[in-house]
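Several structures are given next for inspection.
Both of the next two complexes hold chain A, though its partner changes from chain B to chain C.
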Partner chain A sequence: MIRADIVKLYKAIHHWIGISCGFALFIAFYAGALTMFQEPIARWASPPAVGVAAVPLDDAPRLLELVAAAHPEAREEGITLHLRGHENEPARVTWKEDVPHQAGQPHEHVHWWATLKPDGTLLAKQEEPSELAEFINRIHMRVGIPLPWGSYFMGVISLLYGVALIAGVIVLLPSLTKDFLALRVGHNLKRMWLDAHNVVGITALPFHLVIAVTATAWGFGGPLWSAQESVIFGGKQKIVMKRDFFEHYAAPRPTGEAGVMMPPAQLLLRLNDQVPDFEPKVMVFKNFGDKAAAVKFVGAERGYVGDTSFGGVILSAVTGKLIKDNIASRQDPDRRASTVFYALHTGEYGGITIRWAYFFLGFSGAWLFYSGNLLWIETRRKRARKGGEVEQSRSTRLLGSGTVGVCLGCVAGLSLTIVAAKWLHGRIADLNHWHEIIYYAVFFASIAWAFACGAARSAVHLLWLCTVATIAIPLTTLAALLFPALGMWAYGSAATIGVDVVAFIGALCFAWMAIATARRIKHGPADSIWSIRKAGPATPPHKPAAVPAE
Partner chain B sequence: MAGDIRPDWWGKASAGAILGFGLALSLVGLYAYLGPGGIDAPTGRYSLMRHLEAFVWIAVFGFCFLFRSGRAAWAWLGAANLIAFAALFACRFYFFA
Partner chain C sequence: MVTLALTLTMLGCACLYLASPNQKWLSLVPPRRPLLAVGSLLLIAGLASWIAALHPLAGVFVTLHVAMVCLSAFPYSAALRGVWRRN
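Right after this comes the complex of A and B.
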């Protein structure tokens, strides 16, 4: 039995970490849920490359030769041959080129794609791909704060989040058998919210623990690496890491002698002979045309946790012989464990089922922080009310406004910046930069609106904004279909249609929340921050209306 | 642990944050030396270690509020740090130098 004073102590810890970290965690979880479908979003947002006919795999050798001849610098960087024909792959062949940069500065790249013209000559073009999906991932990882401070910030948040998980479990343990899975729907609205908060938190606990540990490790990734090097390894870590890299990842160095390349179709057969369970997505040719040329297959080894991230197989591009690999089934135990941690965070196991599960777990996490904040506010209200209804304290109102503005601002901002991928394409110069501008503009405007109007009113406004911004995603695709003159595009693949369908359902959910909130602010207890009515001694204490607060 | 538990927020939280990190680093460091293959093992251990450190750090930080006071937290965790770091540096500079 856990003593009452320990429970009280940990309750305070759970509350204060929730209040101080809830905003950042909401953003990380909501954006993180979206990153489960990063690839479909990238496919949805990628414009069709103009004048690109699909190059059959049998014509790929000629295309690769032409690229290697016309763009020799691409040979070292690696020429990528795409095998799946997804919409975010502009052509059969793409590569990156280094932009001249000062020593010590991070590398910048420009992107190229290439295809064959009908007469068999090369058509190559420099074009920057949509970075929308990466932008959503950046919001997920660092809530929009630049490197490295965003990383450190999320490291602190994740560490405290782990502590809050421990605290929450300790608080719940004594009454677990009584409270667990007891969702008491009824007049006591706060009780119902607390029950729901507990059920969602406890059932998803393994997920949350993994997320907290891995996010702490990555947030403090740089400092932890340095600390390991100086305190534990004493300079040896760099050497171990380099050796690991050369043994598993690095392509052989070019010899300078010319070699005859094996055609990609044949290389795929050789891969299948030597590593039968590997499903390649792309082939990356290093040092094309050289005797020591290699091809790296990036793809998945099904049946393993972390089946896609580290599954690289390198064959000789001349003989097709296996040179090295880092596939799951042949990793050393430490690397395997590290990959498992990684993949348990990113949901890379079990295919699409787990992706959907993580998508909903991400939303449920975001909801935990939102509901946690509201619970805290409502508890404070109950405590402050002794008999009659009272005005809410300033801090409670500010917290309510902040919760509404930050959470809904993030939701609306992400939806609108996704929509912008189609509307703004070709109309402005630097679309990837505009994705950021739009997100931050909506995000900060929503926060300002929430503070200006108060939590109750602004919640309704902002939920409608979320609804409109999200329904605009499928409507944009519809507009592209109906009015080709707009210059937008609509794809027929299941993945991209899935983006529209999910956005449509999401918009319906936001609309329902907006209606429920509107009802609550009119008829709910007047001393709640969720009310637009004035609280005063004249108003008799109400039973809370039996509608969820949002 | 008998007797009352004092909140001592700052005392305990600082012990959990600072000494929890120290304990994480030193214990995981011991694994790096004493685990299979030792410190020179040609494995992806350096990558796994960050996750293990985060795990220990969170666990110590999370449970350190069970100490009776901030002073007790600093004393116990400080002693644990001393022992763990002594063992780590013994490995690094003496046994596997």
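Right after this comes the complex of A and C.
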């Protein structure tokens, strides 16, 4: 039996960490859930490349030769040959070029794609791809705060989140067995919110612990690495890293002698012979045309944890012989451990099942923080009431407005910025910058609206905004189909249709929540911040709780 | 194999939920011990299927995550059904 004062202490820790970190965690989890479908979103948002016919793999050698001849700088950076034909891959061949930059400044690139014209000549165009999916990922990783402070901030938040999880479990321990899987919906709103919060917090605890630990490591990765380097390794860590990782997985240096390239179709056969379980997505040709040219296959070795973006195989582009690999089944134990650690955060294993599981768990995480704040507000209301209905304190009202504004502002902002990918394409110069402007404009306007109107009214307004913004995703696709003159596009692949279907279901959920909230603000207890009625002596007392509060 | 593994894991979790005294799917209280036993067996079979479909480590993690989703979602599904019935 845990002493009551210990439970009280941990309850205070749990509450205050939850209140102080809940907003950032909501944004991280909601955007994180969307990043599980980063590729389908990128495919949905990418415009079709105009005048690009699919180049068969058998014609790829000619295309590669023409690109290497016309754009020799692409040889060193690497020419990417796409094997899947997804909508976010504008053509069979793409590459990027360095933009001139000052020493010490980060590298910036411009992107090119190339295809063959009907007469067999080269058509190459510089075009920046949609960065919508990357923007959502940035919101997930750093809630919009620039590097490096965003990483440090989320590192601190994640660390506190881990502490809050442990404190929450300690608080729940006395009633854990009795209340496990209980979700009691009744007149006692505090009990309902507590159950709704606890069900998610306890059943998904391993997921949340893993996310807290990995996100903390991620947030502080840079400073921890530097500290280790100077305190423990004395400058040798960088050398070891370079030898064991960067050089181990780098393509060979060019010799300057010309070599005859093996056709991509044959290279794929050679890959299949030497690494049979590896499923490549793209082939990146390094130093094309050189005797030491290499082709790096990026893809997955199915079935392993960390199978998606970590694996790779390098073959000689001249002989097809295996040069190096970094595949899961052949990684050394410490590299394997770090890959597993990383992949447990990103959900890169187990295919579509784990993506959906992480998607739902991500949303449940966002719900955990939203319900946690509501629970705190409900607890305050009960404390303040003491038998009669009273006006809620300023702190309660402010937290209510903040919760509504930040959480729903993030939801509406992300939905609208996704919609903008189609509506604004070709109408403005820098769409990737506009994604940021739209998101932040909606996000901060929602917060301002929530504080101006109060939590109750603004919750209904903003939930309807979320509904409209989210249903605009499938409606935009429908508009693209019905009105081609609008200049938008609609793809028929399962992945892109899936984005529309999920958005439609999400919009229905927001509409249902808006209707339920509208009902509550009219008929719920008048002394709640979720009511538009004024509390006071004339207000009839609310129906007593069916289940006693804690 | 993935479909089989997913079905077994979900059925296993459904049995575990029904074995809970706090389950709200059935108005009658079902026998707890047999459900716990069946649920555990189904989960073990699900785990074995996931391991066969993937690799051991990935199989363990996928089983765990699917179970977490199911055990989070089942109480909510029961609560939502109750709310709809009342309305």
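One rule holds in what follows: the second predicted complex is superposed on the first by the 540 of 550 C-alpha atoms of A that agree within 3 Å, B and C clash if a C-alpha of one lies under 4 Å from a C-alpha of the other, contacts with A are read in each partner's own complex, and residues count from 1 in each chain.
Quick note on the criterion: a contact is a pair of C-beta atoms (placed from the backbone, for glycine too) under 8 Å apart; a residue touches a chain by one contact, two chains touch by 3 or more.
What you see is a predicted model; the values in this text were computed from it and never measured.
Quick check on the chain A-based superposition: chain B and chain C, clash or fit?
fit
Is A:Tyr358 touching the first partner chain B, the second partner chain C, both, or neither of them?
second
How wide is the angle at the Cα centre of chain A, looking out to the Cα centres of chain B and chain C, in steps of 10 degrees?
It is 80 degrees after superposition, to the nearest 10.
Looking at the overlay, what does A:Phe207 touch: chain B (first), chain C (second), both, or neither?
After superposing on A, A:Phe207 lies in contact with chain C but is clear of chain B.
So, does A:Asp332 touch the first partner chain B, the second partner chain C, both, or neither?
A:Asp332: touches chain B, not chain C.
Of chain B and chain C, which one touches more of chain A's residues?
B
Using the superposition on chain A described above, determine whether A:Glu257 touches chain B (first), chain C (second), both, or neither.
After superposing on A, A:Glu257 lies clear of both chain B and chain C.
After superposition on the shared chain, which partner residues are touched by A:Gln228: those of chain B (first), chain C (second), both, or neither?
It touches chain B, and chain C stays clear.
If you stack the two complexes on chain A, which partner ends up touching A:Val240: first (chain B), second (chain C), both, or neither?
Touch status of A:Val240: first partner only.
Quote the smallest CA-to-CA distance from chain B to chain C in the superposed model, rounded to whole Å.
Least C-alpha distance after superposition: 17 Å.
Can you list the residues of chain A that touch chain B in one structure and chain C in the other?
Touching chain B in the first complex and chain C in the second, no residue of chain A appears in both lists.
Where on chain C is chain A touching in the complex?
2, 6, 17, 20, 22-24, 50, 53-55, 57-58, 61-62, 64-66, 68-69, 71-76, 78-79, 82-83
For chain A, which residues count as touching chain C in their complex?
Checking each residue of chain A against chain C gives 179-183, 185, 195-196, 199-200, 203-204, 206-207, 302-305, 307, 340, 344, 349-351, 353-354, 356-358, 360-361, 364.
Which of the residues in chain B end up touching chain A in this complex?
Residues in contact with chain A: 4-5, 7, 16-17, 25-26, 28-29, 32-33, 35-36, 39-51, 53-55, 57-59, 61-63, 65-66, 88, 92.
Within the complex, which stretch of chain A touches chain B?
By the definition above, chain A touches chain B via 3, 5-6, 9-10, 12-13, 158-159, 162-163, 165-167, 212-214, 216-218, 220-221, 224-225, 227-228, 231-234, 236-237, 240-241, 243-244, 247, 331-339, 341.
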